[in-house]
Structure formats: C-alpha cells, structure tokens
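In the two complexes that follow, subunit A is the common piece, with subunit B as its partner first and subunit C second.
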Partner chain A sequence: MEYATFLVGEDLFAIPVALVQEIGKPVEIFPIPGHDPRVAGLVNLRGRTAVALDLRRALLGNLADAIPRRRSKFIVLETTDTLSTEAREMGLDSHRETLVLVADEVQGIVDGQKMEFHPPPAHVSERYVEGVMKVNERLMTLISIPRLVEDLMPHKEDVP
Partner chain B sequence: MSSTAEKRFSIFDPAIRFEHREFYERIVSELNGLLPVCNQGESTAVEISENPTEQEQITELMKRVETFSGDLLEVTKKLFDQYYVAKEALHRSILTTTAYNKINTLDRNLLERTCDVRWWALETAFSACLSSYGRAREQARRLSALLSGEEMPSTPDSVVDGDARTSYLDPELLADEEGELPELLDFAPLLRHGELSAFRKRFEAWRAERGPGAPLRRQIEVFSKTLEELETAIRLSCDRLEDIRHSYTLYRDIVLATQDGIVLANANPDTRARVLGLDVSGESWFQKSLETRNGTEYHAQDISASQVETALSLVYATAVREASNENGKGIGAMGVFFDFQDEASLILGEYMPRDASGSPIDGAYSLFTDREGTIIASTDPVCLKAGAVAHLPRGNRCLGLGERKSQYMVFEGVESAIFSACTDGYLDYRGLGWCSHVIVPKSHLFELAAPPEGIGISAEELMDSCIIPEINKQTYLRVQDDKESIQLISLNGIVFASKLGKRGGALGPIFNQITRTGDFVTSRMEDILKEMALGELKLNLQALENFSKQAIDLVDRNLFERAADIRWWATDQYFWNALENPTAENFHKASERLKVINGSYTMYRNIILADDSGNIVACSRTELRNELSKINVSDQSWFQLGMRTARSEEFAVQDVQKSSLEKSKARSLAYSGGVRRGGAREGDSIGVLGTLFDWDTEAGKILATCLPRDASGNSIEGSAAFYTNAKGEVIETTDEMTFPVGSHVELPVLVQRLGKGETASSVFRTGTGSYLLGSSRTKGYREYEGLAWYAHVVRPIGAGKSAE
Partner chain C sequence: MDAETKELLDGFVVESRENLELAQKKLLALEESPDPETLNELFRAIHTVKGASGFFQLTTLGGLAHIGESLMSKVREGEIPVTPPLVDLLLKTTDTLLGMLDRDDLGQGEEVSELSGKLKATLEAGAASATNSDESVAPESALPTEPVPDIPDSDNTSAPQATPPPPPAPAPVVSVPAPSHPAATAAVHHAASAPQTIRIGVEVLDQLLELIGEVVLGRNQLIVSHRDDPIFKGLSRSITRLHQHVIRTRMQDVGSLFERYRRTVRDLSQQLGKKIEISIEGGELELDRTVLEGLSDPLTHLVRNAVDHGLESAEERSLAGKQVVGTVSLRALHESGQIMIEVEDDGRGVDIERVRVKIVERGLATTEEAATFNEKEIIDFLFHPGFSTRDVVSDISGRGVGMDVVKTNLERLGCSIEVTTHLGKGSVFSISIPLTQAMVNSSVISGLIVGIGSCTLAIPQMAVNEVVRLSGDDRRNRIETVHGREVFKLRDKVIPLVHLEDILEIPRTYAAPDGSAALERREKLADRRAGEPLSFLDERRRKLDRRMRTELLIVLHYKQNWFGVLVDRIVGTEEIVVRRPPELLKGRRVFAGSTILGNGTVSLILDIGGMVEMAHLDFADRSRALSAHIGRSSLPEVEQRVVVFTYAEGEYFAIPVNLLSEVDRCSIDEVRKVGSREFIQRHGASVPLLRLEKLLNVTPLDISHGSFVVLTPSRLSYPTAIVAGKIEGTLVLGEDINTKEANEKGVMGTFFRDGRLISLIDIYSLLQKSDPDHYHCDVQADLQNCRILLAEDQLFFRQLVVQYFRSHGIRSVKAVVNGREAIDELGQNPTGYDVVVSDIEMPVMNGYQLVSMIKSDPRLAKIPVMALTSLEGEANVQKGFEAGFDAYEIKLDKDKVLRCLDRLLASKGGRKGL
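Here is the complex of A and B:
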C-alpha cells in the first residue's frame, strides 16, 4: 500500500493514498460559530461544500496554533461512496461526507512495502493512531480517518 | 539611464553577466524539456486506460504543467530585466549622490573661505600697513620733487608731522643732489623682500652725509620715520598673515596688495622673497577686489594663473578699507590663495569604488569641471589633465544648477557609466557653477555581489522587508506560487497513478520528471531572487555607509573651522591687551570686539574671555555679562586645557556636555585657546578665549542632509541619523523619539571596533525595531584630529510596502 505523507507542525503523519482524492492549494475557510476548534470551518470546493479539519489542533491538541492558511495544503479525501474497489478490498474506509485535512505541507507519496510497521506504542492513548512507520530512521504516525472523524464529530447529524 | 523605458535589459544585452545568461539558457532548456514529457504523459494515458474520464484527468494535468512552464519562462525573462534595472537604479542613486556630495562638500568649504577673506580684510594691522605705505609713497614723491626742485613751497616751513605736503625749498642747495635717490620716484621696487631695509640704510647714510644743516632737514627726518614705520607695519602684517595661515591651514598664501597693485605683505615665508613687491595690478582678482563696494562683498576668482603661486590658483579677494571700516574707502586688496588642488584631491579620493586591496578600481575616475567643461581637478592627472576639456558626453558637460545626470559612454576604451551633478551652492553661496563627475566601468555596476557576511538577516526576512523593491517581492511570491503549483500537479498525478495500481506504474516516472524539473527551476529562481535581494541589501548598506561618512566628514570639517577660528582669535590684540592691562575700559573693548566677531560668525552662541584664574572678564553676548561674571571656570576642562596650550597653533576642546556657561542648553561644545602676552606665538597663557559652538543647530542641519532618500527625494520613513561620542552616547539626532540625545545606544561590535576613518554597516536590532545601519568613525580633517565620534544612519527593515 502507498501512503501520502504530510507535515503537521514538525511531525510527520501518513494516510493511505487510496483515501486521497486530490491535494490542493488552500482556499477560503468559513468558520462555523460555536464549533469544536479542531474543525477549521467549511470550504467551497468547486461548488461542493466540505468540512475542513485543522490538523494541528486535531492531532497536536486543541491549544495548538491554527495552521497559517497561506502556506498550508488542503488534502481532499474520498468519501465512502467514491472510494475505489481496491481500497475497499484493502479494508479502508472514509467518511460519508467530503472532508478536507488542512496540513502544513504535503511531503510526498511513499511505498509502505519499504517501511517497518509498528503497532501504536502502549502509552499512546489517542485512538486515531493506527501505528508508527519507520522510514530512513524517521518516524511517521499512521492515522485512521474513521476513528479521527468519530472522535471529532460524535454528532454526525450536526454536520451538513 | 532613464528609468522610463520598460524592460531595458533583454537577456542578450551585453551588460548581462555570462553567469546569468548561462542560468537563463539552463532554465529554458529544462522547461522546454518538459514539453515532450507532457506529450508522453498524454499518450501513456491512452495506453493505460480506456476510461475517457481517466484519460481526460491525465491530459488536464499535463496541460497545466505546460501552462506553468510557459509562465515560468516568461518570469525568467523578466527576472533579469528587473534585476538589472534595479541594480542600475540603485547605483544611479548612490553614485549621483556621491557626485553631488563631492561638489557640495567643496561648496561648503568655499563658502567658509568667503567668510574668511571678508573678515580678515577688516584687521587693523592691514589697513594700518596700507595707510603707512600710502604716506611713505606720497612723502617720497614730494621729497623727490623737492629735491629735484620741481615743486615750489606755497607757505614756508609749514610741515605737518607725517605729511610733507608743503616744504621749504632752496633750489640751489639741491642742485647737486639730482638723481641721487632714484627710488624716491619709483617707490614700488622697495617693497621687494629686504629692499626697504637696505634702502633705509642707504637713505640714512645719505642723510648723514648731508649733515644736520642741509635743507629739507625736517622733511627728511619725517620721511625717515615714515620709512621705519612702514617697515614695522609690513613686518607686523606678514606676522599676522602668518598667524592666519597657521590657524587656517588650507591656504597656500594670503597677500596684501597696495592700491597700485604691489604686494606689500604675504603669509608664506617660503615664497616671501619672490612674492613681495610683485606687481599684480594686471591680475583679475586684484582688479575685481577693488571694485567691491563694502566689507560684505568679495570676489571669487575661478581657477586661473597668478604670479603669486606657481600652481593654478583659486583666489578669494576683497578690498582692504581705510581704518578697517566696513564702509570705508578701499586702500588696497587682500587675496587669499586657497589650496584648492589639495582640497580637491582630498574630496575626489573619497567614496571611490575600491578593490579588495583598498585602491580604487581600474576605470573609476572622479573629477570636477568648470562650466565650460574644463577639468579643474581629477583623480587621474594623465587621462584627465587639469586645464584640458574633459571628453564627456555633452549632456553631462553642461548641467544647470543642482541638476544631476547619468548615462553610459565609452571612456578610455571602456564601456562606462558617468554620474554627474552640478553645484546648487550652499546656503547663500551660489558656488562657481562647477560640476562633479564620477565615472565607473559599466561592468562594475552589474558585478555579482558577494553576499555580505555575518549580516544577521535571513534571505526570507529580507525578501519580506521594505528594503526589497515591491516588484521583486511579487516575482518572488509568484515563483514560489508556481513552484507549489507544479509540485501539486505532480503530487496529484502520483496520487492518481497510484490509485490506478499496476496500470499507473508507467505514469510514475513522468510525474517524477515533472517534479524534478519544477523543483530545480523554481529553486534556482528563488536563489537568484535571493541573490538579487542580497545585492540590493549590499548596495543599501553601502549607501548608508556613504551617508554616515558624509555626516562625520562634514562635522569634522566644520569642527576644523572652529579649531581654526579659536586659534586665530586667541591672538587678537584686544584680548591680550585687556588681560595685560586689566581695566574696565579694556574689558569693555574686548567685549565689543567679541561682539563684532560673533556678529560675523553666527555659528557661535557665545565667545568668552577668561583671565588666568578663571574669572570671566568679557563675552560677546554682552547681555549675559553680569550673570557670567559670577562664574569661575577654573575647574572646567576647556579652561584648564586652554591654559595649558603653549603655542598659538594649539587649541583645546571640551566634548559635548552640560555646561554652567549655558544654563538653558542641554549640551554645549566648547573650544578654547590660550591668550599670550603680546599675541606671541609661544609662551605661557595669560588667559583663555573660549567659544561656545552652536552645536545642536549645526549638527542637526548636517544630519538632516544625510538621511537616505527615495527616488523622489523624500527621506525614507523611519530612517534616522545620529552622532554618538566615544562612550556610545547620542549627542545629536534627527529622531528624538527613537534615538534621543543623551541615551546610550548598544551598537553592533563591528561598529564599536571601527578604526579611525573606517566605515561599517550591518543589520541593527534595538528593542523597538530592526534597521540597516551604516556607521563611520571620525577621520579628522587635515591636522584636526576629530573627537572620536561616530555618525550613524539607519533605515528600518520592517516588513511592509517597499518604496518604489
């Protein structure tokens, strides 16, 4: 399996490429009043409305500074419906709405076969951490989108 | 070099450095290399997928890559245009300012010279000497006439002492005397060095031979006395002129000429034997000086030959008036011979682009021309010989007052740029209409600047600052944007290919190639933009260094004049007379004299005479006399140092500080010189003359002219100029808010370590902001050492809109 890797703050994270629909430049985010600070707001993707998640806050904690938008990257995810058959066969899942992950920088695509996979370390309590991968002495955290979304948006009906 | 033409530098312009042309070609070939890659991508899409949507997606990505590479090609072309235009503009601004500063510095100096000559011509020793000469000549003429029996007495023996207007005559007794003393008829040759005293010996011998009973005894006795007086007066005049020349070291000579154009006294003892008795009646400075109507007028004689000096001379002249009265009748002329060549070479040698070893680069010249384009002085006496017409473009030869011009030309076979500025005078001084030119090889303008080392600013901060022209910043952002776009296209392409699984494998190398090329091209462009920014930074720092140097040089020159003034005034008769004979009347006279001096030299707030125990006995601001007479200054350093001077060439200075002499002023700068018995050149001081220089006003004026300016001549917002003393304390400033007088400024180590006359520049961060700083340490001027002061000029680096 191939992974898209991205930087949040100084840390490296990864998700399966199969979940990525497109990587794009930032567009304007419309904040949702009263919402969880980890949710940056709503964005308009060529007519489609999507929820944007601020990964610094979502992954590094609520108190982290929001990602400065000018230099950020938008990772647009596939929805459960648009997920390819291959991805489904690999047991991957996404969210039923279009989600946008706001990351500091997208690093590139790496081949999972060339990496060592480790299950999440015992002291890590965050449920969205699926495991840790080691490439060239560098560690990156593999995250599970469904669990991240579940943590973030327990009341799915609130989200358009 | 007009700035109006857009896109002046095509990549094929010969001025473009080969490194840049190479770079351009590399970029072009890289970007052109992307086109076949895109074609390949499109055909691969057809091979690997039968799904039209998928094919279209790939084709669209490829099209976008093509668009971006086309874009980048355009940006690259414009990049060099911008780069060279910006460099050209900066150099133009720096070098025309340099040319202007040179002529301005000269003008300021010449203005001081016009004050000098007018003031000195009013010295009583000179008018007395000329009057004495007038009497002697007249008596000689009469005596000669009497002796040869041509003149009959109107009334017998009615001689008035000192005037032989009428006399008794017995023609028979004189018969054998005819032709005995031909000098009486042609008096002028007697003024040659040593002739007068020789003649007096002959005359006395002749007189003795005639015996006491001979006729005209009375007239002859009177004439003998007059001759003695004249000899004394000439000696005194020469002494005073020498004193002046010792005090004001920028003169080669100062001469006093009689109304008929015979040099009576001069200041240079080395040339005295040749100069005294010269007939200068045919010289223009002499004729013009007699045309001046009162003591405020003078004549400046543009560079010309004079018998007085072997070198070409710049002469300031004015009439010496009867009884030293400003409005009196002209009875002679004073001409001061300014050491123009020396002064010009000092000024021309400054601010020249230098190589690593510190000598001016080859092909760089600096010169002054008069309004006809004739070279007055230059840094290269071989290519640019004084007196010849300079081979300059016509447009640069004849400039209007205050005009500045620059253009390219071929000079001595080298493609060069010439920067010219015409004088606009200084204050009320109109100048002589001269121009200053700086010539540098064109290649120097576009030399690749080695990035300044240890400058303390990152390329990113710099790109964000207001130092960088707006257009370059936009290009920088655009390149970064394009870089990002290409990266994203590749990333999406790879995401797309990876989702195609095995079928997508063929697309991988294509997108990798696109990523590589995109990265290479854009990062090289970023590099060159950063290089441009560093080049701009370097030139900006250079400009600030130049400004700070100008600021310290002007203050050094000004203080040199102050040092000259005090040395000269301390020898004035009124002062030593008052101290030797301390009567109320003499002190009053001294005060009146100080008042006259202060009236002509308005850059002083007060001039004070103190006796040897430190009591103030006279001052020019007579209204402060009562207040000041209560102060004893024996514990003040200007007084103590002034007392310690042992020769009239010495003076003392008390650095800028609070003084009890000026309660209303925060800071005073005092100069002092010892007053000696009889105005002698050596000996113990019997009192001290002190001057309180109007430091704040004069220094403030200088600083205001040394602020960095934008293209339209307005000083750049947030910029400031200030002086600090040896302790790092601000002593004068243009920005009382940020760098207030009296505050201590923590300057970069680089600046603290400056040697005499050195300059430095760097990034300078204070609690309130970040600046670019240019600093210069005092160099002194001629024999004047300076006060270990520094001049600093800063401009803010803060992010924000740049001046275009």
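Here is the complex of A and C:
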C-alpha cells in the first residue's frame, strides 16, 4: 500500500494515498467562532464548502506554538462516497464530508505494508495513531482519519 | 418468480396503489358533486387492477376487482345513483383492494366474501331497477369485442314522414357512443390523463441538490464580473430555473398531507356520530418531504384528538348555542422565520381546572403545588407520559400514550408544539418548524450579512425586523440593565440585548482605560480545549478602540418575541444558498448552516433559535419583569381621521383633520366683498373664502342667514378658508374609498357611511383652481424620468399617491405594500430607483425599519427616502429624521409631496433618472 507522507512541525506523518484527492496551495480559511481550535475553519473549494483541520494543533497539541510554521499545504481528502472500490476493499475509510488537512510540508509517497507499521508505543495514548514506522532513520506516524475526526467531534460534556 | 416478473409485479403494485388512492380522493369529493369524470376514473382504476390481476393470477384480488368494476360500470352510466351508502361501500372496496396490495401475498389469502356479497347485492338491486327502463343497451363488460347493438337501418330514417320514428331502444346507441365502447375510450382517456411517475432513490435526489447548490454558488461568484455578458445572463437564468425545479423534487406542498385528513375526519366523525367539517388553509406552502413525513403521525393524532376529545356532539353544541356542525381547521403559515402548522377546533377547549385535578390524581403533583400552576404550566402536563383525561380508554385516542409521543416525535424533528385554548370555544395546537428544518439543502434565502471581528456571518432576513445604528448617546441613554441583563429601549418596546460575541463564545473587546482595546478573559469552553483560537483575533482589531466605532444593533424576532444583537458591521444583503452545517459543527446550535457569498467568502448562517438558547433568553419571564419595570406605552394612532360637513342640504364632504388648522363659526356680517371675492378677518389678516360651488358641481350654499363654518387648512403659503354649512362630526377613513371620482377638480374619492355618500376633498386641487396665481406646482420637467419606489399598505393612498406622480408625468412608479417587499425589490434592483417614498405604518416591516435597512446597505444608502404619513406632530417628524428619512411629508398634501420630491432629487445632484 502506498502512503502519502507530510510534515507537521518537525514530525513526519502518513495516510494511505488512496484517501488523498489532491494536494494544493492553501486558500483562505474562514475560522469558526468559538470552536475547537483544532478545526482551522471552513474553506471554499471551487464552490464546495469543506472543513479544514489544523494538523499542527490536532497532532502536536501544545507544542504547536513553539515550533515555527513553515509554508502550509492543503491535503484535500476523498469522502467516504468518492473512495475507490479498491480502497474500500482494503478496509479504508474517510469522512462523510470533504476534509482538508493543513500540513506544513508535503513529502513523498512511501511504499509500505501495513504490517511494517509497529503498534504505537505505550506512551502514545491518542486513538488516531494507527502505527509507527522507521523511514530513513526517521519516525513516521500513521494516522487514522475516521478516528481523528471522531476525536474532533463535539462531545456531550462540551455542549452547553 | 424471476427478476423480470418481479419487477413487473412491483410496477403493477405501485401503479395500482396510485390509481386507487387517487380514485379514493375523488370519491370523497363525489359526495358533494357527482362528476362523470370521477366515476370514469374510479372505474378505470378498478378495471386496471382487475386486468393486471389476471396476468399475475391473483384470483382473490381480481375477483373483488371484477365485481367492483361491474358495479362501477353501472354507477357511471347512471343506473345506480350515487348515495352515501354507495360511497361508503366503494370506499370500503378500495380500502380493501389497497390493503391487499400491501400484503406479501397480494391478498390471495384474504377473506372477501362478505364484501363481495354486498357488492353483488347492490349490483343486482341496481340491475333490477334498470331493466324497467329502455336504456338497457350498455354492455356490462368493457371489451370492444362485445357485439354492438343494432344501428337502425338507414332506410327507416330516410322514409317519408308518415313512418313512425325509430323505436327508442336503438336510438340511444347512435346518439350516445361512449358507453358502447368504454374500453376503447377508456384506453384513450387513460393514456391521456394517467399521471406519469417514476421511482427514484432519495440519495440520487440529494446528490442532485448538492450539485445544483454548487452550480448556483459558482454562478453567484461570477455575477459581478460577468454583468454585461449576454451569454452569461442567459446561462444564469437557466441556472435559476434549474435550481427552482430541483428544489421542488425534495419539496412537497403541505396540502398533500392535509388532504389526507379529509377522510380521517369524515370517517371518524361518522363513527362517533358527530357532525364535523374540515377546513384547510395554506396548503400551497412547501416543505422538505422528509419533514412532511415526520409530521404525518403527530398530525394524525392531533386531528383525531380534535374530533374525539375536542369537538362536542351535535346536541351538546346546539345546547351550548354553537353551530351544530363543528370545524377542524388545518393551517400552514409562515411566521418570523418559522413555519407554523396549526390544528384548530371550535370545540370544548381544555378544562384547565379538570386537568389540575387530574394532575393531582395521577400523582404528578401535590394539591398545593398544583394550585400554584398557571395555565401554561397546566397545559404542559397534557404532554406528560401517562396523562389522559379520558376515564375510559377508547379505541380512538384516549389511551394516554398520545400527546407525549406527539411531542417527542416533533422534538426529534426539531419542532416544538404549543397549545392555546379557551374553555367552551376551542383549542389551537400549534407546531412550529424552524426554518432550518423546513428548508431543503441548497434552497435559497435572503440573508443579512454581518461582521463581527474578522468573522462574516449571515442572518436569515426573514427574522430581521430592523437595524439600528447606535450613537454614543444611544449607548448611554437607551441601554439599561434589568435583573442583571442588558436591555435596549426600542421606541415603545424594551428588548433584551445580546452581544454576538457571547453567542459565538468568543471574547468581547472593550476599551481599556489607557485607550487601547483588550480582550476580556473569561473562563469558558474554549479554554478547556487544547490551545488558543487560531487566528481571528487579528492585530488590527485589538488596536481599535471600541468606543469610537458605530455600533450596529440588529433587531431580530423569534416567534412572537424580539431581541437585539450587537454586531460590528453590516456587509449587505444577499441571496444565499443554504448548505447543511458540516458534521464537525454538530452541537453548535447557533449555526444553521453555511453558505458561500458572492465574493467567495465562506459564511456561517446563524440560527435564531440557537441564538436565543445560547443567550439564555427566557421570554416568558422576561416580558413580565420588563413590563413591570419599564411600564408600557401605547402605539401611535394609525387612523386617518376626517371632518365631515354638509354643504347644501344632503351633500356631504370630508376633509382630513390633520390638514386643518382651524374650524370655527362665522357670520355673514364678517364677510367683506372685494369684487367677486369674499374675505373674512382672521388673526389680523384678510383671508379669502373658498366656496365649493365655484369649483365643484354642487348646490350653492346660502350663507346669508345665520352663521356658517369655515375650515382653514394648515401650512398654506396663502391662507384660505373653506366655507362649509354644518359640521356633522369626525370619522375614520376606511379602505372603502371609491377613487373613480378622483380627478383634478378637487375630489379625491367618495365613500359611504351610514347610507350617506361622502366626497373626500382634495384641498390642493381646489386651491390650485381657485387661486392659480399662488398655487401651482412648479415641478421641473425632467422630474418625469424619475423612477420611484412607493411602499404603502392602504390601497386608497397607494392609488392616490401614484396618481399624484402620474398626473405630473412621472411614468415610472412601482408600488409595493410593505417595507419587506420594498427591501426585496431594492435588493434585486439596487440601481433601479431614484427615490423611495414610504408610508410609516405598514405591516410586516414598517417605514422606520425600511429606511434603517436602506441606509445601512452601501448599495442603497445614497437613495433619498421620503416618509409619507398620516402622523402629524413634531415628535414624529423628529423620529422620522432620526430613523434616517431624508424628508417627511403628510400623505394628503400633494403639493408638498411633489415639491419635496423635486428637492430631494435636485440635492442628489443631477436628475438623470438613469
């Protein structure tokens, strides 16, 4: 399976290439007032409204401000409906609506088997981390989009 | 069964169901007016079922249909009369057929011998009476292969007159061709009138809606840059039409749901032995089909409830002095951003005290507690599970599981329900559907675009009452704190005030003592989550001193209540395509959806109900507290009052009261003549007298004996007094003014009151005629190209003012009936008008609100706005200018209106009228 890799801060992350619709230059993000800052805001993708996720905040947490931001890149994801049949057969899933991941830099495509990814180390408690893998001496983290989204959904305690 | 046959069978079931349902609907109408086409349709529906059943070997279904068809055949030929028992039988038959179609075995195992028997009996009874007549020619079956009865031999008809006329039996065959070939004609009719339907999945339609939404958004972004491109214009028009049609696939008119209840009411009322009628209003209103479906069960319960519990029996009603026939009314209407569905009955109403007793009996409260409940709280208990005031559980609806389920189901749809009731008079159950539920994804609404901080948001225009620009003075004097909440004094009302930042859960900025702005630090939800908000607290805003900015207050209404929201700026109004809010925004009640504005900005749409919730506005208590604190003031008078006087005996005239400065008596001794003119002394000056007979075709008044009356119009450049005979009194003008008599000669119109014909005088025309040197309208000639938008709700004044303008050659006058229509028209055509002339008191949106909206919209702010009103007095004029009017004139003062128009257009700088 091929993975699209990208940098968020200094860290390398990956998602299955089949989930990626396109990589693009960032366009204006319209923030959502009073909302979870991990949701960067809404964007206008050629007439479609999509939700942009601020990966720096979502994946780096409190460290996001400490590390300087580079040029951003938009990773536009397929929706569950637009995923190819092969992708679905491989057990991949995306989100019902179009999502845009705001990363710092997009790296290349890495070929790997799912089993080459080791389970996340014990101290990593985030549910959206599917596994870790060493690529050129560097640690790469595999992300699960559905679980990331789930993490970002407003929870009952939060709603007033 | 193979796939192909299954598909055919499915098709048969769907089609038969549709035909039978349609036929049933018509059956109900049949009772009122037997209509041959209905009978034909019913026949065809059953006939089709019979025919197809044979193909699929559905013997039970086919058998029942066959007898039904035979019966229908006789009915439509008139052999069997249409009576209520017959309609009942036919209804039962179609019900049974429909029921069979719903079963897996398509009714094969159904027991229908009883029904068949009844049908046969009716058929035979009809046949028996029919054989007595000579009209026994129509064949029973519909097949064209039946032998056609003999046509009379041509020899007979061409024989000399001595031959007796042909026997009556064959003649009808010649002159009535239809019954002899019913199948042929039926087939032709069927082909011509059968509704074409196809089945399509909901997902396909939803995708269509998404796509059309994108197309419209894309088009909207091109409107400005492609303004002059004719190809684009054509494309744009097609897109608009396409959009409307696609929306309609998901929307359905409420009437289709309401109509089903005719049957319900009829059957139920018969069953209970009551006389009840149903009335349906607002059926044209459209809703999303899924919402409509969701309303079906609750409405059914409410309707049955009204018939069973609400309405009394005929005897009870007549004893109570009510009309014997009770009414259940179903209504759908649009109101302040909500759609209301109402079920009203004129029955007994809810007995509050009886409910109070039941509450205690059911153990839901103690007697002491129950005693403190007010009417609304008691009614709320009706929706409590397990509550029912019926002692005997009836089959109909007294089970006590009804109302709470209704409420829960409605809440699941995002709707709410309220009850208003009057003991002895009836009850109204009101379901309110918020706009966001009723709207279909990709529908277009009018939105007011506002800004707060760097954020742009849209507010559904239909919830907006008005926009108020607050000056520093306003902030000091009109904002107060009551019970810890900020409120705003809006004319005669006091409304709660809300900061949009609070609703959105973002920090407010305020002016710190050293002049710089700072953010309010508050412990709130955002703090609990990771990190700080991303970017909208931009540097520029932080540096602004809030005190210096003009604050804008948007007055919104939610159901019957008003509240105000403070925003930073108004961007304008736009037609926006509503998109569902993204899933990641679930739980933010304040957002109803999102849209993309013409300039590409993604803007969230605010939900009024959500705003009310986030601001914790509780209107019920609030109104009590506020009215106690502030005290109420009454609304200004809207009526146009006239003085009625007689001239010569029997001729009545009227002049608007607010155009007169004095009314007093005079005697002939005071009159001085100079030539043919007459004068009296008033306030140290000679005032000429105006006699009506000199200008109008009326009987002359003899003032030589005794005293007479003079009426002095106000604000005249050259004072004149009008002679009158006797003052009869004053009255309020109604809508019933006949303007056919209106002409240049001095009469604006006529009307009747208490059997008397009264002529309404146009003072200024009279003056122009009597004193042309002093009174003439020196309006510039190029005023004629001026384009006027007039907002006036009363027909008479609308006609009058339009006539003012037309009589001076102004051709382009568009009249609308309230402020909302005016702002909509301006929204669609912002450069189409040179001046707006508006009444103050209008329904839906009044003149103050209209001018506020015009002056806040950058596209429209430069258009001069003239207020035309019946309200006189300094205070009103002041209020008018404060609201933003450029000029303020009295409706019936034509001269001034035209001069004012002139002035406004001149000051605009060149009257191009382009």
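Brief remarks on what is shown
To be clear about the criterion, the second predicted complex is superposed on the first by the 142 of 160 C-alpha atoms of A that agree within 3 Å, B and C clash if a C-alpha of one lies under 4 Å from a C-alpha of the other, contacts with A are read in each partner's own complex, and residues count from 1 in each chain.
Just so we're on the same page, a contact is a pair of C-beta atoms (placed from the backbone, for glycine too) under 8 Å apart; a residue touches a chain by one contact, two chains touch by 3 or more.
Predicted model only: the values in this text are computed from it and were never measured.
Of the two partner chains placed by superposition, A:E126 touches none, neither subunit B nor subunit C. The wider contact with subunit A, measured as residues touched, comes from C rather than the other of subunit B and subunit C.
Shared-chain residue A:A4: touches subunit B; no touch with subunit C. Shared-chain residue A:K25: touches subunit B; no touch with subunit C.
Looking at the shared chain after the overlay, A:S84 reaches subunit B, while subunit C stays out of its contact range.
With both structures placed on the common chain, the touch criterion links A:V17 to subunit B but leaves subunit C unconnected.
Counting contacts as defined above, no subunit A residue meets subunit B in one complex and subunit C in the other.
Of all residues in subunit C, those touching subunit A in their complex are 214-215, 217-218, 221, 452-456, 501, 504-506, 525-526, 528-536, 579, 582-588, 591, 594-596, 600-604, 614. Interface of subunit A with subunit B (complex): residues 2, 4, 17-18, 20, 22-25, 73, 84, 86, 106, 108-109.
Listing the residues of subunit A that touch subunit C in their complex gives 28-44, 46-49, 51, 54, 57, 61-62, 64-65, 95-97, 149, 152-154, 158-160. Taken together, the subunit B residues at the contact with subunit A in this complex read 484-485, 488, 491-492, 494-495, 498-499, 501.
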